[in-house]
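Naming follows writing order (A, B, C and D), and every chain is counted from residue 1.
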Amino acid sequence: MSVEFRTRRRVEWADTDQAGIVHFARFFVFMEAAEHAFWRSLGLSVHSECDGDIISWPRLTAECEYFRPVTFEDVLDIHVHLEKQGKKSLSFRLDFHCDGEQIAQGRLKIACCICNPGEAIRAIPIPDFITRKLAAHP
Amino acid sequence: MSVEFRTRRRVEWADTDQAGIVHFARFFVFMEAAEHAFWRSLGLSVHSECDGDIISWPRLTAECEYFRPVTFEDVLDIHVHLEKQGKKSLSFRLDFHCDGEQIAQGRLKIACCICNPGEAIRAIPIPDFITRKLAAHP
Amino acid sequence: MSVEFRTRRRVEWADTDQAGIVHFARFFVFMEAAEHAFWRSLGLSVHSECDGDIISWPRLTAECEYFRPVTFEDVLDIHVHLEKQGKKSLSFRLDFHCDGEQIAQGRLKIACCICNPGEAIRAIPIPDFITRKLAAHP
Amino acid sequence: MSVEFRTRRRVEWADTDQAGIVHFARFFVFMEAAEHAFWRSLGLSVHSECDGDIISWPRLTAECEYFRPVTFEDVLDIHVHLEKQGKKSLSFRLDFHCDGEQIAQGRLKIACCICNPGEAIRAIPIPDFITRKLAAHP
(Lines give C-alpha, C1' and ligand atoms only; values in the text may rest on other atoms or scores of the structure.)
Protein backbone atom coordinates (compact mmCIF):
# COMPACT_ATOMS: atom_id res chain seq x y z
CA MET A 1 0.00 0.00 0.00
CA SER A 2 1.27 3.42 -0.93
CA VAL A 3 -0.84 6.34 0.18
CA GLU A 4 -0.10 9.45 -1.80
CA PHE A 5 -1.78 12.54 -3.12
CA ARG A 6 -0.89 15.38 -5.48
CA THR A 7 -1.90 18.99 -5.38
CA ARG A 8 -0.71 22.29 -6.78
CA ARG A 9 -0.56 25.91 -5.66
CA ARG A 10 0.55 29.18 -7.17
CA VAL A 11 2.99 31.35 -5.22
CA GLU A 12 1.29 34.53 -4.01
CA TRP A 13 2.89 37.94 -3.54
CA ALA A 14 2.50 37.68 0.24
CA ASP A 15 4.55 34.45 0.15
CA THR A 16 7.64 36.33 -1.09
CA ASP A 17 10.24 38.26 0.86
CA GLN A 18 12.79 40.97 0.23
CA ALA A 19 15.14 38.48 -1.45
CA GLY A 20 12.52 38.16 -4.21
CA ILE A 21 11.81 34.51 -3.36
CA VAL A 22 9.30 32.53 -1.33
CA HIS A 23 9.99 32.96 2.37
CA PHE A 24 11.19 29.65 3.82
CA ALA A 25 8.52 29.54 6.54
CA ARG A 26 5.75 29.63 3.93
CA PHE A 27 6.73 26.12 2.83
CA PHE A 28 5.38 24.84 6.14
CA VAL A 29 2.02 26.45 5.41
CA PHE A 30 2.14 24.92 1.91
CA MET A 31 2.88 21.48 3.42
CA GLU A 32 0.05 21.75 5.89
CA ALA A 33 -2.43 22.92 3.25
CA ALA A 34 -1.41 20.00 1.00
CA GLU A 35 -1.86 17.54 3.87
CA HIS A 36 -5.30 19.03 4.57
CA ALA A 37 -6.25 18.65 0.91
CA PHE A 38 -5.18 15.00 1.27
CA TRP A 39 -7.63 14.60 4.20
CA ARG A 40 -10.39 16.14 2.11
CA SER A 41 -9.58 13.72 -0.73
CA LEU A 42 -10.44 10.94 1.76
CA GLY A 43 -13.75 12.60 2.61
CA LEU A 44 -12.32 13.69 5.98
CA SER A 45 -11.06 16.87 7.58
CA VAL A 46 -7.91 17.29 9.64
CA HIS A 47 -10.16 18.86 12.27
CA SER A 48 -13.37 16.96 12.88
CA GLU A 49 -15.89 16.05 15.51
CA CYS A 50 -16.38 12.43 16.55
CA ASP A 51 -18.71 11.37 19.37
CA GLY A 52 -18.62 14.86 20.84
CA ASP A 53 -14.82 15.16 20.79
CA ILE A 54 -12.76 17.39 18.51
CA ILE A 55 -10.15 15.20 16.81
CA SER A 56 -7.25 17.13 15.40
CA TRP A 57 -3.61 16.51 14.47
CA PRO A 58 -1.04 18.72 16.18
CA ARG A 59 2.43 18.65 14.64
CA LEU A 60 5.18 16.79 16.53
CA THR A 61 7.98 17.67 14.11
CA ALA A 62 8.27 19.66 10.92
CA GLU A 63 11.28 20.00 8.64
CA CYS A 64 12.17 21.22 5.20
CA GLU A 65 15.18 21.12 2.92
CA TYR A 66 15.43 23.81 0.26
CA PHE A 67 17.05 23.03 -3.10
CA ARG A 68 16.18 25.97 -5.32
CA PRO A 69 14.34 29.26 -4.78
CA VAL A 70 10.94 29.92 -6.32
CA THR A 71 9.24 33.22 -6.85
CA PHE A 72 5.96 35.08 -7.42
CA GLU A 73 3.40 33.28 -9.59
CA ASP A 74 5.47 30.12 -9.88
CA VAL A 75 3.24 27.05 -9.77
CA LEU A 76 4.31 24.40 -7.25
CA ASP A 77 3.50 20.74 -7.67
CA ILE A 78 3.20 19.18 -4.25
CA HIS A 79 3.37 15.44 -3.78
CA VAL A 80 2.16 14.14 -0.39
CA HIS A 81 3.41 10.68 0.66
CA LEU A 82 2.23 8.95 3.82
CA GLU A 83 5.56 7.41 4.79
CA LYS A 84 4.64 5.83 8.11
CA GLN A 85 1.41 5.08 9.92
CA GLY A 86 1.97 4.64 13.65
CA LYS A 87 -0.58 3.77 16.29
CA LYS A 88 -1.10 7.40 17.26
CA SER A 89 0.79 9.33 14.60
CA LEU A 90 1.34 9.75 10.87
CA SER A 91 4.53 10.75 9.06
CA PHE A 92 4.32 12.52 5.72
CA ARG A 93 6.96 13.39 3.16
CA LEU A 94 6.17 16.32 0.87
CA ASP A 95 8.03 16.81 -2.39
CA PHE A 96 7.83 20.19 -4.10
CA HIS A 97 8.51 20.58 -7.81
CA CYS A 98 8.39 23.59 -10.09
CA ASP A 99 8.74 23.27 -13.87
CA GLY A 100 9.72 19.62 -13.39
CA GLU A 101 12.62 20.35 -11.05
CA GLN A 102 12.54 19.48 -7.35
CA ILE A 103 12.76 22.65 -5.29
CA ALA A 104 12.17 21.44 -1.72
CA GLN A 105 11.42 18.39 0.38
CA GLY A 106 9.59 18.55 3.68
CA ARG A 107 8.42 16.19 6.40
CA LEU A 108 5.62 16.43 8.94
CA LYS A 109 4.97 14.07 11.83
CA ILE A 110 1.53 14.62 13.28
CA ALA A 111 -0.24 13.13 16.31
CA CYS A 112 -3.86 12.10 16.54
CA CYS A 113 -5.28 14.05 19.48
CA ILE A 114 -8.46 15.04 21.21
CA CYS A 115 -8.40 18.84 21.24
CA ASN A 116 -11.55 19.87 23.08
CA PRO A 117 -11.77 23.56 23.99
CA GLY A 118 -10.82 24.12 27.62
CA GLU A 119 -9.19 20.70 28.01
CA ALA A 120 -5.54 19.66 27.78
CA ILE A 121 -4.70 18.18 24.37
CA ARG A 122 -4.26 14.39 24.60
CA ALA A 123 -2.96 11.84 22.07
CA ILE A 124 -5.21 8.91 21.18
CA PRO A 125 -4.91 5.85 18.93
CA ILE A 126 -6.00 6.72 15.40
CA PRO A 127 -9.77 5.99 15.34
CA ASP A 128 -11.03 3.15 13.15
CA PHE A 129 -13.06 5.40 10.85
CA ILE A 130 -9.82 7.16 9.88
CA THR A 131 -7.73 3.98 9.59
CA ARG A 132 -10.35 2.49 7.28
CA LYS A 133 -10.29 5.57 5.02
CA LEU A 134 -6.48 5.43 4.83
CA ALA A 135 -6.58 1.70 3.99
CA ALA A 136 -9.18 2.26 1.26
CA HIS A 137 -7.11 4.98 -0.38
CA PRO A 138 -6.76 4.16 -4.09
CA MET B 1 -10.12 62.65 28.21
CA SER B 2 -7.66 61.48 25.60
CA VAL B 3 -6.76 57.83 25.71
CA GLU B 4 -3.54 57.07 23.87
CA PHE B 5 -0.60 54.71 24.00
CA ARG B 6 2.73 54.40 22.27
CA THR B 7 4.66 51.33 21.28
CA ARG B 8 7.38 50.36 18.86
CA ARG B 9 8.30 47.40 16.70
CA ARG B 10 11.13 46.47 14.40
CA VAL B 11 10.33 45.24 10.89
CA GLU B 12 11.17 41.55 10.52
CA TRP B 13 12.34 39.79 7.38
CA ALA B 14 9.07 37.87 7.14
CA ASP B 15 7.21 41.22 7.04
CA THR B 16 8.83 42.14 3.73
CA ASP B 17 7.86 41.17 0.20
CA GLN B 18 9.48 40.94 -3.20
CA ALA B 19 9.31 44.74 -3.64
CA GLY B 20 11.80 44.97 -0.75
CA ILE B 21 9.28 46.71 1.52
CA VAL B 22 6.86 45.74 4.26
CA HIS B 23 3.85 43.95 2.79
CA PHE B 24 0.77 46.14 3.18
CA ALA B 25 -1.26 43.47 5.00
CA ARG B 26 1.35 43.28 7.76
CA PHE B 27 0.33 46.76 8.91
CA PHE B 28 -2.96 45.30 10.09
CA VAL B 29 -1.07 42.80 12.24
CA PHE B 30 1.07 45.66 13.56
CA MET B 31 -2.09 47.67 14.39
CA GLU B 32 -3.66 44.78 16.19
CA ALA B 33 -0.52 44.01 18.19
CA ALA B 34 -0.25 47.70 19.20
CA GLU B 35 -3.89 47.71 20.29
CA HIS B 36 -3.29 44.54 22.33
CA ALA B 37 -0.27 46.17 24.00
CA PHE B 38 -2.61 49.05 24.86
CA TRP B 39 -4.97 46.60 26.58
CA ARG B 40 -2.07 45.14 28.54
CA SER B 41 -1.03 48.67 29.58
CA LEU B 42 -4.47 48.89 31.26
CA GLY B 43 -3.91 45.60 33.05
CA LEU B 44 -6.36 43.90 30.69
CA SER B 45 -6.23 41.53 27.73
CA VAL B 46 -8.16 41.83 24.47
CA HIS B 47 -9.27 38.26 25.10
CA SER B 48 -10.35 37.61 28.67
CA GLU B 49 -12.73 35.59 30.78
CA CYS B 50 -15.42 37.30 32.83
CA ASP B 51 -18.07 35.40 34.82
CA GLY B 52 -17.48 32.29 32.70
CA ASP B 53 -17.78 34.10 29.36
CA ILE B 54 -14.98 34.79 26.89
CA ILE B 55 -15.01 38.50 26.13
CA SER B 56 -13.17 39.40 22.95
CA TRP B 57 -13.20 42.19 20.36
CA PRO B 58 -13.80 41.13 16.75
CA ARG B 59 -12.98 43.75 14.15
CA LEU B 60 -15.89 45.53 12.41
CA THR B 61 -13.75 47.59 10.05
CA ALA B 62 -10.05 47.97 9.37
CA GLU B 63 -8.33 50.44 7.07
CA CYS B 64 -4.89 51.77 6.34
CA GLU B 65 -3.41 54.56 4.25
CA TYR B 66 0.22 54.16 3.18
CA PHE B 67 2.44 57.22 2.80
CA ARG B 68 5.94 55.85 2.48
CA PRO B 69 7.43 52.35 2.28
CA VAL B 70 9.51 50.91 5.11
CA THR B 71 11.89 48.01 4.99
CA PHE B 72 13.76 45.30 6.92
CA GLU B 73 14.99 46.33 10.38
CA ASP B 74 13.30 49.74 10.27
CA VAL B 75 11.90 50.63 13.68
CA LEU B 76 8.27 51.77 13.65
CA ASP B 77 6.82 54.10 16.27
CA ILE B 78 3.17 53.29 16.67
CA HIS B 79 0.80 55.72 18.32
CA VAL B 80 -2.57 54.30 19.38
CA HIS B 81 -5.42 56.81 19.87
CA LEU B 82 -8.84 55.79 21.15
CA GLU B 83 -10.90 58.09 18.92
CA LYS B 84 -14.40 57.04 19.91
CA GLN B 85 -15.91 54.98 22.67
CA GLY B 86 -19.36 53.70 21.75
CA LYS B 87 -21.73 51.67 23.88
CA LYS B 88 -20.60 48.37 22.32
CA SER B 89 -17.60 49.38 20.23
CA LEU B 90 -14.29 51.23 20.22
CA SER B 91 -12.64 53.11 17.36
CA PHE B 92 -8.87 53.45 17.24
CA ARG B 93 -6.59 55.51 15.04
CA LEU B 94 -3.04 54.22 14.66
CA ASP B 95 -0.26 56.50 13.43
CA PHE B 96 2.97 54.92 12.22
CA HIS B 97 6.21 56.87 12.12
CA CYS B 98 9.74 55.86 11.13
CA ASP B 99 12.71 58.17 11.68
CA GLY B 100 10.31 60.97 12.59
CA GLU B 101 8.33 60.77 9.36
CA GLN B 102 4.76 59.47 9.17
CA ILE B 103 4.62 56.37 7.02
CA ALA B 104 1.06 55.11 7.49
CA GLN B 105 -2.21 55.76 9.27
CA GLY B 106 -4.69 53.05 10.16
CA ARG B 107 -8.06 52.71 11.82
CA LEU B 108 -9.73 49.81 13.60
CA LYS B 109 -13.31 49.65 14.82
CA ILE B 110 -13.82 46.76 17.19
CA ALA B 111 -16.92 45.35 18.87
CA CYS B 112 -17.18 44.05 22.41
CA CYS B 113 -18.47 40.49 22.10
CA ILE B 114 -19.02 37.28 23.96
CA CYS B 115 -17.08 34.67 22.00
CA ASN B 116 -17.71 31.40 23.80
CA PRO B 117 -16.55 28.27 21.97
CA GLY B 118 -19.44 26.55 20.24
CA GLU B 119 -21.75 29.58 20.52
CA ALA B 120 -22.56 32.32 18.01
CA ILE B 121 -20.55 35.48 18.64
CA ARG B 122 -22.77 38.22 20.12
CA ALA B 123 -22.11 41.91 20.77
CA ILE B 124 -22.60 43.22 24.31
CA PRO B 125 -22.33 46.64 26.01
CA ILE B 126 -18.76 47.23 27.13
CA PRO B 127 -18.61 45.82 30.69
CA ASP B 128 -18.07 48.23 33.60
CA PHE B 129 -14.69 46.78 34.59
CA ILE B 130 -13.37 47.73 31.15
CA THR B 131 -15.06 51.16 31.03
CA ARG B 132 -13.53 51.99 34.41
CA LYS B 133 -10.04 51.06 33.22
CA LEU B 134 -10.44 53.19 30.10
CA ALA B 135 -11.65 56.15 32.20
CA ALA B 136 -8.73 55.79 34.62
CA HIS B 137 -6.18 55.81 31.80
CA PRO B 138 -3.52 58.43 32.59
CA MET C 1 -17.77 49.43 -19.28
CA SER C 2 -17.74 47.32 -16.16
CA VAL C 3 -14.52 45.51 -15.41
CA GLU C 4 -15.01 42.65 -13.01
CA PHE C 5 -13.64 39.24 -12.21
CA ARG C 6 -14.60 36.34 -9.97
CA THR C 7 -12.41 33.91 -8.12
CA ARG C 8 -12.69 31.55 -5.21
CA ARG C 9 -10.49 30.34 -2.39
CA ARG C 10 -10.76 27.88 0.48
CA VAL C 11 -9.89 29.04 4.00
CA GLU C 12 -6.71 27.35 5.22
CA TRP C 13 -5.86 26.41 8.78
CA ALA C 14 -3.12 29.05 8.92
CA ASP C 15 -5.75 31.70 8.06
CA THR C 16 -7.59 31.07 11.33
CA ASP C 17 -6.91 32.43 14.80
CA GLN C 18 -7.69 31.51 18.37
CA ALA C 19 -11.27 32.78 18.02
CA GLY C 20 -11.80 29.91 15.55
CA ILE C 21 -12.36 32.28 12.64
CA VAL C 22 -10.33 33.77 9.81
CA HIS C 23 -7.96 36.43 11.14
CA PHE C 24 -9.06 39.85 9.86
CA ALA C 25 -5.67 40.69 8.32
CA ARG C 26 -5.85 37.63 6.07
CA PHE C 27 -8.68 39.27 4.12
CA PHE C 28 -6.13 41.76 2.78
CA VAL C 29 -4.02 38.89 1.47
CA PHE C 30 -7.16 37.36 -0.05
CA MET C 31 -8.00 40.70 -1.73
CA GLU C 32 -4.53 41.07 -3.13
CA ALA C 33 -4.43 37.52 -4.44
CA ALA C 34 -7.82 38.03 -6.13
CA GLU C 35 -6.61 41.25 -7.72
CA HIS C 36 -3.50 39.44 -8.97
CA ALA C 37 -5.66 36.69 -10.46
CA PHE C 38 -7.58 39.47 -12.22
CA TRP C 39 -4.30 40.72 -13.76
CA ARG C 40 -3.50 37.20 -14.92
CA SER C 41 -6.97 36.94 -16.49
CA LEU C 42 -5.92 39.92 -18.66
CA GLY C 43 -2.71 38.15 -19.66
CA LEU C 44 -0.73 40.49 -17.39
CA SER C 45 1.02 40.33 -14.04
CA VAL C 46 0.81 42.88 -11.23
CA HIS C 47 4.60 42.88 -11.31
CA SER C 48 6.06 43.00 -14.79
CA GLU C 49 8.98 44.30 -16.80
CA CYS C 50 8.46 46.90 -19.53
CA ASP C 51 11.31 48.51 -21.46
CA GLY C 52 13.78 47.58 -18.73
CA ASP C 53 11.65 48.98 -15.87
CA ILE C 54 9.83 47.00 -13.22
CA ILE C 55 6.20 48.15 -13.20
CA SER C 56 4.36 47.28 -10.02
CA TRP C 57 1.34 48.54 -8.07
CA PRO C 58 1.97 49.57 -4.47
CA ARG C 59 -1.13 50.01 -2.35
CA LEU C 60 -2.23 53.56 -1.45
CA THR C 61 -5.15 52.56 0.75
CA ALA C 62 -6.69 49.29 1.87
CA GLU C 63 -9.86 48.78 3.85
CA CYS C 64 -12.25 46.03 4.82
CA GLU C 65 -15.61 45.77 6.51
CA TYR C 66 -16.48 42.47 8.17
CA PHE C 67 -20.08 41.25 8.24
CA ARG C 68 -19.88 37.64 9.35
CA PRO C 69 -17.02 35.36 10.48
CA VAL C 70 -15.86 32.46 8.34
CA THR C 71 -13.85 29.48 9.39
CA PHE C 72 -11.55 26.62 8.34
CA GLU C 73 -12.35 25.03 4.98
CA ASP C 74 -15.09 27.53 4.15
CA VAL C 75 -15.02 28.42 0.46
CA LEU C 76 -15.03 32.15 -0.27
CA ASP C 77 -16.41 33.60 -3.50
CA ILE C 78 -14.51 36.77 -4.28
CA HIS C 79 -15.86 39.30 -6.71
CA VAL C 80 -13.36 41.90 -7.96
CA HIS C 81 -14.81 45.18 -9.37
CA LEU C 82 -12.68 47.86 -10.91
CA GLU C 83 -14.57 50.85 -9.51
CA LYS C 84 -12.40 53.68 -10.78
CA GLN C 85 -9.60 54.01 -13.28
CA GLY C 86 -7.49 57.13 -12.64
CA LYS C 87 -4.55 58.41 -14.64
CA LYS C 88 -2.03 56.77 -12.30
CA SER C 89 -4.18 54.62 -10.04
CA LEU C 90 -6.90 51.99 -9.91
CA SER C 91 -9.59 51.49 -7.26
CA PHE C 92 -11.04 48.05 -6.68
CA ARG C 93 -13.97 46.87 -4.60
CA LEU C 94 -13.86 43.27 -3.45
CA ASP C 95 -17.00 41.49 -2.29
CA PHE C 96 -16.65 38.26 -0.33
CA HIS C 97 -19.46 35.75 -0.12
CA CYS C 98 -19.69 32.35 1.55
CA ASP C 99 -22.67 30.04 1.00
CA GLY C 100 -24.45 32.86 -0.82
CA GLU C 101 -24.19 35.32 2.07
CA GLN C 102 -21.94 38.38 1.97
CA ILE C 103 -19.29 38.11 4.67
CA ALA C 104 -16.97 41.07 3.94
CA GLN C 105 -16.36 43.96 1.59
CA GLY C 106 -12.95 45.40 0.92
CA ARG C 107 -11.38 48.17 -1.14
CA LEU C 108 -7.89 48.63 -2.54
CA LYS C 109 -6.50 51.73 -4.22
CA ILE C 110 -3.26 50.98 -6.02
CA ALA C 111 -0.77 53.21 -7.83
CA CYS C 112 1.07 52.41 -11.04
CA CYS C 113 4.75 52.75 -10.21
CA ILE C 114 8.22 52.05 -11.46
CA CYS C 115 9.82 49.92 -8.76
CA ASN C 116 13.36 49.29 -9.95
CA PRO C 117 15.71 47.74 -7.38
CA GLY C 118 17.91 50.36 -5.77
CA GLU C 119 15.77 53.29 -6.99
CA ALA C 120 13.06 55.27 -5.21
CA ILE C 121 9.58 54.07 -6.17
CA ARG C 122 7.85 56.59 -8.49
CA ALA C 123 4.28 56.81 -9.75
CA ILE C 124 3.69 56.92 -13.51
CA PRO C 125 0.67 57.22 -15.80
CA ILE C 126 -0.78 53.78 -16.47
CA PRO C 127 1.03 52.56 -19.62
CA ASP C 128 -0.95 52.09 -22.81
CA PHE C 129 -0.41 48.34 -23.01
CA ILE C 130 -2.22 48.03 -19.67
CA THR C 131 -4.99 50.53 -20.48
CA ARG C 132 -5.71 48.64 -23.69
CA LYS C 133 -6.02 45.33 -21.84
CA LEU C 134 -8.40 46.89 -19.30
CA ALA C 135 -10.52 48.38 -22.11
CA ALA C 136 -10.67 45.03 -23.92
CA HIS C 137 -11.86 43.20 -20.81
CA PRO C 138 -14.98 41.21 -21.73
CA MET D 1 34.22 29.07 21.92
CA SER D 2 30.50 28.95 22.39
CA VAL D 3 28.52 31.51 20.46
CA GLU D 4 25.07 32.01 21.89
CA PHE D 5 22.44 34.68 22.29
CA ARG D 6 19.15 35.07 24.14
CA THR D 7 16.05 36.94 23.16
CA ARG D 8 12.38 36.96 24.04
CA ARG D 9 9.10 37.52 22.27
CA ARG D 10 5.45 37.63 23.23
CA VAL D 11 2.98 35.53 21.28
CA GLU D 12 0.65 37.73 19.22
CA TRP D 13 -2.95 37.02 18.32
CA ALA D 14 -2.03 36.56 14.65
CA ASP D 15 0.40 33.79 15.69
CA THR D 16 -2.45 31.62 16.98
CA ASP D 17 -4.76 29.30 15.08
CA GLN D 18 -8.16 27.74 15.54
CA ALA D 19 -6.75 25.20 18.01
CA GLY D 20 -6.10 28.13 20.34
CA ILE D 21 -2.33 27.66 20.16
CA VAL D 22 0.59 29.11 18.21
CA HIS D 23 0.54 27.83 14.64
CA PHE D 24 3.53 25.53 14.08
CA ALA D 25 4.84 27.48 11.08
CA ARG D 26 5.16 30.64 13.17
CA PHE D 27 8.03 29.01 15.09
CA PHE D 28 10.13 29.31 11.93
CA VAL D 29 9.48 33.04 11.82
CA PHE D 30 10.37 33.23 15.53
CA MET D 31 13.63 31.33 14.86
CA GLU D 32 14.59 33.58 12.01
CA ALA D 33 13.82 36.76 13.95
CA ALA D 34 15.92 35.48 16.87
CA GLU D 35 18.81 34.69 14.52
CA HIS D 36 18.53 38.17 13.02
CA ALA D 37 18.63 39.73 16.51
CA PHE D 38 21.81 37.68 17.04
CA TRP D 39 23.34 39.29 13.92
CA ARG D 40 22.38 42.71 15.22
CA SER D 41 24.01 41.89 18.58
CA LEU D 42 27.25 41.47 16.59
CA GLY D 43 26.78 44.85 14.94
CA LEU D 44 25.81 43.11 11.68
CA SER D 45 22.69 42.44 9.68
CA VAL D 46 21.67 39.17 8.06
CA HIS D 47 21.24 41.18 4.87
CA SER D 48 24.08 43.60 4.19
CA GLU D 49 26.08 45.22 1.45
CA CYS D 50 29.79 44.54 1.07
CA ASP D 51 31.89 45.88 -1.81
CA GLY D 52 28.77 46.42 -3.90
CA ASP D 53 27.38 42.92 -3.34
CA ILE D 54 24.33 42.00 -1.28
CA ILE D 55 25.37 39.31 1.19
CA SER D 56 22.48 37.35 2.62
CA TRP D 57 21.88 33.94 4.19
CA PRO D 58 19.28 31.76 2.46
CA ARG D 59 18.10 28.78 4.48
CA LEU D 60 19.33 25.29 3.45
CA THR D 61 17.31 23.38 6.04
CA ALA D 62 14.89 24.25 8.78
CA GLU D 63 13.33 21.97 11.36
CA CYS D 64 11.40 22.14 14.58
CA GLU D 65 10.27 19.72 17.25
CA TYR D 66 7.25 20.72 19.33
CA PHE D 67 7.00 19.66 22.98
CA ARG D 68 4.17 21.70 24.42
CA PRO D 69 1.69 24.20 22.94
CA VAL D 70 1.84 27.89 23.82
CA THR D 71 -0.85 30.46 23.41
CA PHE D 72 -1.75 34.16 23.10
CA GLU D 73 0.37 36.53 25.20
CA ASP D 74 2.73 33.79 26.41
CA VAL D 75 6.29 35.08 26.57
CA LEU D 76 8.85 32.85 24.82
CA ASP D 77 12.50 32.77 25.86
CA ILE D 78 14.56 31.95 22.79
CA HIS D 79 18.12 30.72 23.11
CA VAL D 80 20.20 30.84 19.92
CA HIS D 81 23.26 28.54 19.77
CA LEU D 82 25.68 28.57 16.88
CA GLU D 83 26.31 24.83 16.75
CA LYS D 84 28.56 24.63 13.70
CA GLN D 85 30.51 27.11 11.63
CA GLY D 86 31.33 25.73 8.18
CA LYS D 87 33.31 27.37 5.42
CA LYS D 88 30.16 28.62 3.66
CA SER D 89 27.40 27.87 6.15
CA LEU D 90 26.26 28.21 9.76
CA SER D 91 24.12 25.83 11.79
CA PHE D 92 22.00 27.16 14.64
CA ARG D 93 20.02 25.40 17.33
CA LEU D 94 17.15 27.37 18.85
CA ASP D 95 15.66 26.40 22.20
CA PHE D 96 12.27 27.81 23.13
CA HIS D 97 11.15 28.01 26.75
CA CYS D 98 7.99 29.38 28.34
CA ASP D 99 7.63 29.70 32.12
CA GLY D 100 10.86 27.74 32.53
CA GLU D 101 9.67 24.74 30.55
CA GLN D 102 11.06 23.82 27.12
CA ILE D 103 8.30 24.04 24.55
CA ALA D 104 10.17 23.57 21.24
CA GLN D 105 13.58 23.06 19.70
CA GLY D 106 14.48 24.18 16.21
CA ARG D 107 17.43 24.11 13.85
CA LEU D 108 18.41 26.31 10.93
CA LYS D 109 21.26 25.73 8.50
CA ILE D 110 21.98 28.83 6.47
CA ALA D 111 24.37 29.50 3.57
CA CYS D 112 26.43 32.61 3.01
CA CYS D 113 25.44 33.89 -0.42
CA ILE D 114 25.69 36.79 -2.78
CA CYS D 115 22.09 37.72 -3.55
CA ASN D 116 22.31 40.59 -6.02
CA PRO D 117 19.04 41.58 -7.69
CA GLY D 118 18.78 40.12 -11.16
CA GLU D 119 21.59 37.59 -10.62
CA ALA D 120 21.46 33.94 -9.64
CA ILE D 121 22.09 33.43 -5.90
CA ARG D 122 25.58 31.96 -5.30
CA ALA D 123 27.23 30.60 -2.15
CA ILE D 124 30.53 32.12 -1.04
CA PRO D 125 33.00 31.48 1.78
CA ILE D 126 31.96 33.45 4.86
CA PRO D 127 33.74 36.81 4.51
CA ASP D 128 36.48 37.71 7.01
CA PHE D 129 34.60 40.67 8.48
CA ILE D 130 31.85 38.26 9.55
CA THR D 131 34.20 35.52 10.78
CA ARG D 132 36.01 38.06 12.94
CA LYS D 133 32.78 39.26 14.51
CA LEU D 134 31.74 35.67 15.27
CA ALA D 135 35.17 34.95 16.81
CA ALA D 136 34.99 38.09 18.96
CA HIS D 137 31.55 37.17 20.32
CA PRO D 138 31.68 37.38 24.12
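Keep this in mind: a contact is a pair of C-beta atoms (placed from the backbone, for glycine too) under 8 Å apart; a residue touches a chain by one contact, two chains touch by 3 or more.
On a predicted model such as this, the values are computed, not experimentally measured, just so you know.
Taking each chain's centre as the mean of its CA atoms, D is the chain most distant from chain C. Set against one another, B-C and A-B show the most C-beta pairs in contact at B-C.
Note on chain placement: the centre of chain A and the centre of chain B lie 32 Å apart, centres being C-alpha means. Chain B and chain C have Cα centroids separated by 24 Å.
Chain contacts: chain D has residues 13-14, 18, 20-21, 25, 29, 32, 47, 72, 117 touching two or more partner chains.
Under the stated contact rule, the graph of chain-to-chain touches is complete, every pair of chains being in contact. Interface residues of chain D facing chain A in the complex, by the touch rule stated above, are 18-21, 24-26, 28-29, 32, 47, 56, 58-66, 69, 115, 117, 121. Taken together, the chain B residues at the contact with chain D in this complex read 12-14, 29, 32-33, 36, 40, 45-47, 72-73. Of all residues in chain B, only 13-14, 16-18, 20-21, 23, 25, 71-72, 117-118 touch chain A in the complex they form.
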